[in-house]
Amino acid sequence: MDVATIIGILLGFFVIVGAIVAGGGAAMFFHIPSLCITIGGMTCATMIHFSLPQLLAIFSIVKKTIITKIPSQTQVIQRMVNFAAINRRDGTLALEPEIGRLNNPFFAKGLQLLVDGQDSESIRDLLDPEIQYLQERHAVGKKILEFMGAAAPAFGMIGTLIGLVQMLRNMSSPDQIGQGMAVALLTTFYGAFAANLVFIPLAGKLGIYSKKESVAMEMILEGICAIAQGDSPTIVRERTQAFVSHGRRREIKATV
Amino acid sequence: MDVATIIGILLGFFVIVGAIVAGGGAAMFFHIPSLCITIGGMTCATMIHFSLPQLLAIFSIVKKTIITKIPSQTQVIQRMVNFAAINRRDGTLALEPEIGRLNNPFFAKGLQLLVDGQDSESIRDLLDPEIQYLQERHAVGKKILEFMGAAAPAFGMIGTLIGLVQMLRNMSSPDQIGQGMAVALLTTFYGAFAANLVFIPLAGKLGIYSKKESVAMEMILEGICAIAQGDSPTIVRERTQAFVSHGRRREIKATV
Amino acid sequence: MDVATIIGILLGFFVIVGAIVAGGGAAMFFHIPSLCITIGGMTCATMIHFSLPQLLAIFSIVKKTIITKIPSQTQVIQRMVNFAAINRRDGTLALEPEIGRLNNPFFAKGLQLLVDGQDSESIRDLLDPEIQYLQERHAVGKKILEFMGAAAPAFGMIGTLIGLVQMLRNMSSPDQIGQGMAVALLTTFYGAFAANLVFIPLAGKLGIYSKKESVAMEMILEGICAIAQGDSPTIVRERTQAFVSHGRRREIKATV
Amino acid sequence: MDVATIIGILLGFFVIVGAIVAGGGAAMFFHIPSLCITIGGMTCATMIHFSLPQLLAIFSIVKKTIITKIPSQTQVIQRMVNFAAINRRDGTLALEPEIGRLNNPFFAKGLQLLVDGQDSESIRDLLDPEIQYLQERHAVGKKILEFMGAAAPAFGMIGTLIGLVQMLRNMSSPDQIGQGMAVALLTTFYGAFAANLVFIPLAGKLGIYSKKESVAMEMILEGICAIAQGDSPTIVRERTQAFVSHGRRREIKATV
Amino acid sequence: MDVATIIGILLGFFVIVGAIVAGGGAAMFFHIPSLCITIGGMTCATMIHFSLPQLLAIFSIVKKTIITKIPSQTQVIQRMVNFAAINRRDGTLALEPEIGRLNNPFFAKGLQLLVDGQDSESIRDLLDPEIQYLQERHAVGKKILEFMGAAAPAFGMIGTLIGLVQMLRNMSSPDQIGQGMAVALLTTFYGAFAANLVFIPLAGKLGIYSKKESVAMEMILEGICAIAQGDSPTIVRERTQAFVSHGRRREIKATV
């Protein structure tokens, strides 16, 4: 679970809403028609560019990005070394009870294939597409979030233009001008807020997360394949470590 | 038929027009001279950059993108396997009645060539240029839509500048100022609306659609060529599946 | 002659000037000092970035882009096949009367070299640099037009800032404010108008034109060299067609 | 220690603050809620995009960039040549007293490995990951600073929109309008100031610094490996000079 | 000496200052504190990004770009052919009196090495780094000028924000508002003016100049090396012409 993302969004809302409440007249900042123009327009533009299923998939992708815990590299290497030792000592079937203890479904599936007696080649053929499928999904998700981050301010500006034109119809009292202009500016505020606190940073996070998860999955795949070939724990450790960046490797060496 | 595009554009219009009507004074938002400046200026700039035939082709490209149904990958593979079986069992001529049942003209043309007894090489020579021609047309179409998406707001701003200068000539009554400024802002509104709800998302959709249709056509071409070489249904399935992304392949395996 | 460019510019001027005249007070939009700042500033910046000869060459490049007629691919192939047939039947000298009938100077020069008895290698050595020289000239021209398209709005803004500062000195009557601000906005209008209707679309057109002319010249060069080698009309057609995009090739096959 | 960075930031603050004080009403420019929106919002967005540890690491990276003194190339080459001479004359152990005199920890670690009798290959295996780790850290740091440089003005604009909406609620007296608008503009000022004087230039500096430090470390590594192989001082000088850019090499030749 | 650059800057100043003087109140446009914020802030940001020596080097690089005369390609080839003839006829020493007649220091240095009896290889080893050093210096110079072109408008905007906040403190009389706003806009004017008339075009010019001078130096180096190898004037001409673009080569052929 990526705590920073949740804290960041909550804290960001708290800071902005706090500033609004502290300034007084917070009720004015909640305006349904303005929300409709900004969020509705952005959603429609995204539907035209992409497709409905892709748009809906964004929610599950973001949810998974925030909730799913990527197993740490140290942990994966440690487990792989243990499994290799068990495999050497007691045979592949002795790994079966370990499957239930894994909370990463990809890891569990790989171990299941190993226990089922699949050879290294067919495990790779079955798991490699999963990694590629995940990367494709994440890449599309990142593009959609980036497009939303560009479309939200654009429709915010469109909403402000509508509000300004409506306000300028009758400029009788300065008070009315102020009210109209305040409402007109709300859509720009919504668009800038959604883009800069939600869509743009989430697109960035999804890119970082995607790379991290791919590396973890490739480490797991490499480790499982190594065990399937009957490699010794030492060789399994070396093959999984090849995916670890050089800086991290030192840290892992200290702990594993 | 790409429902999302149509729904997106209609819903987007509905949201924006709804917000305008709800705010009152909707008639003010329909101003012929402002429309002329924004859409006319943009069209002229596009005509200078590209050429008249390219500009006119955009309408048919967009229409085709929205209306044409790309055969699903599952369906193409399923049909290819069937055709390969028929070809093996009853000979190429037995495929003739199938041509009329295909609603994809590229597929029908390919099958016709097969029935006509063309060999694998000459089918490829005849159909490959069609795929490249389509990709070229789509690439130019995407560039034109992107240029329109940049030119529309630019001419919207030019229109607003004209309107502002005209308004500033006589600043006698605040009411007149408001009216003049409202009209001046309309061109910016038109430009932003056209670019963000129509041109930019359509350019994106065209890119996605172009890739999808190319893959479908390449799958069909590969399948037809495989049948023409007398490959077995199993080999035909494998060769057409090579174009399917890894994630999709799993889904197809389940259904085919 | 590229009609679309001329129509586009004329129509664009007509639309914008029409909107100005329809709004009244058209005389106000013609302001010599504002024109000096925008066009003068832009010209000076372009002179600093590039050099005087490059800046002056732009006029002739643009003029040639609009006026010069690129021979159609169909026409080039048709002629090459004819010339190859004449060459085979009556020898190279029989091509001499054809030179005068060609209105493309590059084509005429190539044919002259052929008639003069130059071999394939030396024709290529003499004509290839001409194609490269043209591409270099066009690439520089495109860069200059793009720079102008960026500099014009920038100096428009500089002019508006000057106008605003001058206007803000004395804010006695609202009428004077309006007049001053209207004049100040004119430079921004000039800059945006020149960039979006002239420089940016012309830069795009020059890129498209340059590619088209290069292909035509390469087709001519390839055809002349093939004839110089004594190739048969069929081979000449095949070698010139290699430069035609696949989509176009079908159309040409139908006509040739 | 990079004096230019410190002088630049201090002088920049001095210039801007000086202009504020000279204009009078400096107290007005210090507004806690506005600071919270700009800096708080930017920090939250950075936390969402990156992660908390990465965000915190930025402070130490920037501090190290400003404080750490990269040994000059001339100095490294001079020392390497001396060490090679000592190594040749008195053996590796004679280098031990030199370790304490080095204030660069990477250099000291390399020399320690040399004194410990490690061969060239294992020194490279141990030190190479350190260089890569540093480059990765700096690359992430640069990305974060660049994101902050983009997010700060964005949240400045969000703050200004909030301030404007709050101000426009009641437009009774022109004095109140002025006060409200002044406060609203402060967030934009904070965002532009932080981005343009701190984040964007620091990101650039970090890139330059990272390249410089990498080259210095690679020179040290190459020199130590050469000494470990028992190369002569002349060869050591040549191998370390290979990392020096050609222009600098002339200067070094004059001094070494 | 690049006349276009000097004329461009002088004419640009003349146009802008002329427009200011013509509009009246020119004294208002010269405001020391505003100049300090814009130029001072930009200088500080550049100092943080780059370093003090790099910043100071910009002046000499720009001065050299404007003043230094790059020998024309025709001239270099002509001289090389002459020197090759002299070398063949009278030996290398006969070239000594020519050194004093060359006003290009790189050319003179190369010829001196030739006269000193250095062979082709060592001349290349000594002169090649000079070309690379020059290219590095120019590349850094271009980057600094581009950064200044981006920083100047940014600090202009910061200055305007400061001025606006100070102006908005007391909105008692409309006259004072105008004065304050006029002063506030001055920094934006300074920033836009400096960036668009000086920094951005100079960065472009430096790029063009750097390429031109590199080619000239490489031609000189190639020619000197050819003469050192005792090549005939014809071969020397061919080897130096290899650096000339194809379009230029035709012109040179006509003159040489």
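Annotations
Letters A, B, C, D and E mark the chains in the order given here, with residues in each chain numbered from 1 onward.
Note that in this section contacts are C-beta pairs under 8 Å (C-beta built on N, C-alpha and C of every residue); 3 or more make two chains touch, one makes a residue touch a chain.
From a predicted model like this one, the values you see are computed outputs, not experimental measurements.
Steps from subunit A to subunit C, taking the shortest chain of touch contacts, total 2. Common neighbours of subunit C and subunit D, by the contact definition above: E. Relative orientation of subunit A and subunit D, expressed as the C-alpha superposition rotation angle, is 70° to the nearest 5. Look at the contact of subunit C with subunit E and you find different residues on each copy: under half of the numbers used there are shared. Taking the mean of the C-alpha atoms as each chain's centre, subunit B and subunit C sit 29 Å apart. One inter-chain figure worth recording: subunit B and subunit E are separated by 47 Å, centre to centre, where each centre is the mean of the chain's CA atoms.
In subunit A, no residue touches two or more other chains.
Chain contact topology: the protein chains form a single closed ring, every chain touching exactly two others. One ring covers every chain here, and the order obtained by setting off from subunit D toward subunit E is D, E, C, B, A.
Residues 2-5, 7-9, 11-12, 15-16, 18-20, 22-25, 28-29, 174-175, 177-179, 181-182, 185-186, 188-189, 192-193, 195-198, 200-202, 204-205, 208, 245-247, 249-250 of subunit C touch subunit B in their complex.
Per the touch definition, subunit B reaches subunit C in the complex via residues 33, 36-37, 40-41, 44-52, 55, 128-129, 132-134, 136-137, 147, 151, 154-155, 157-159, 161-172.
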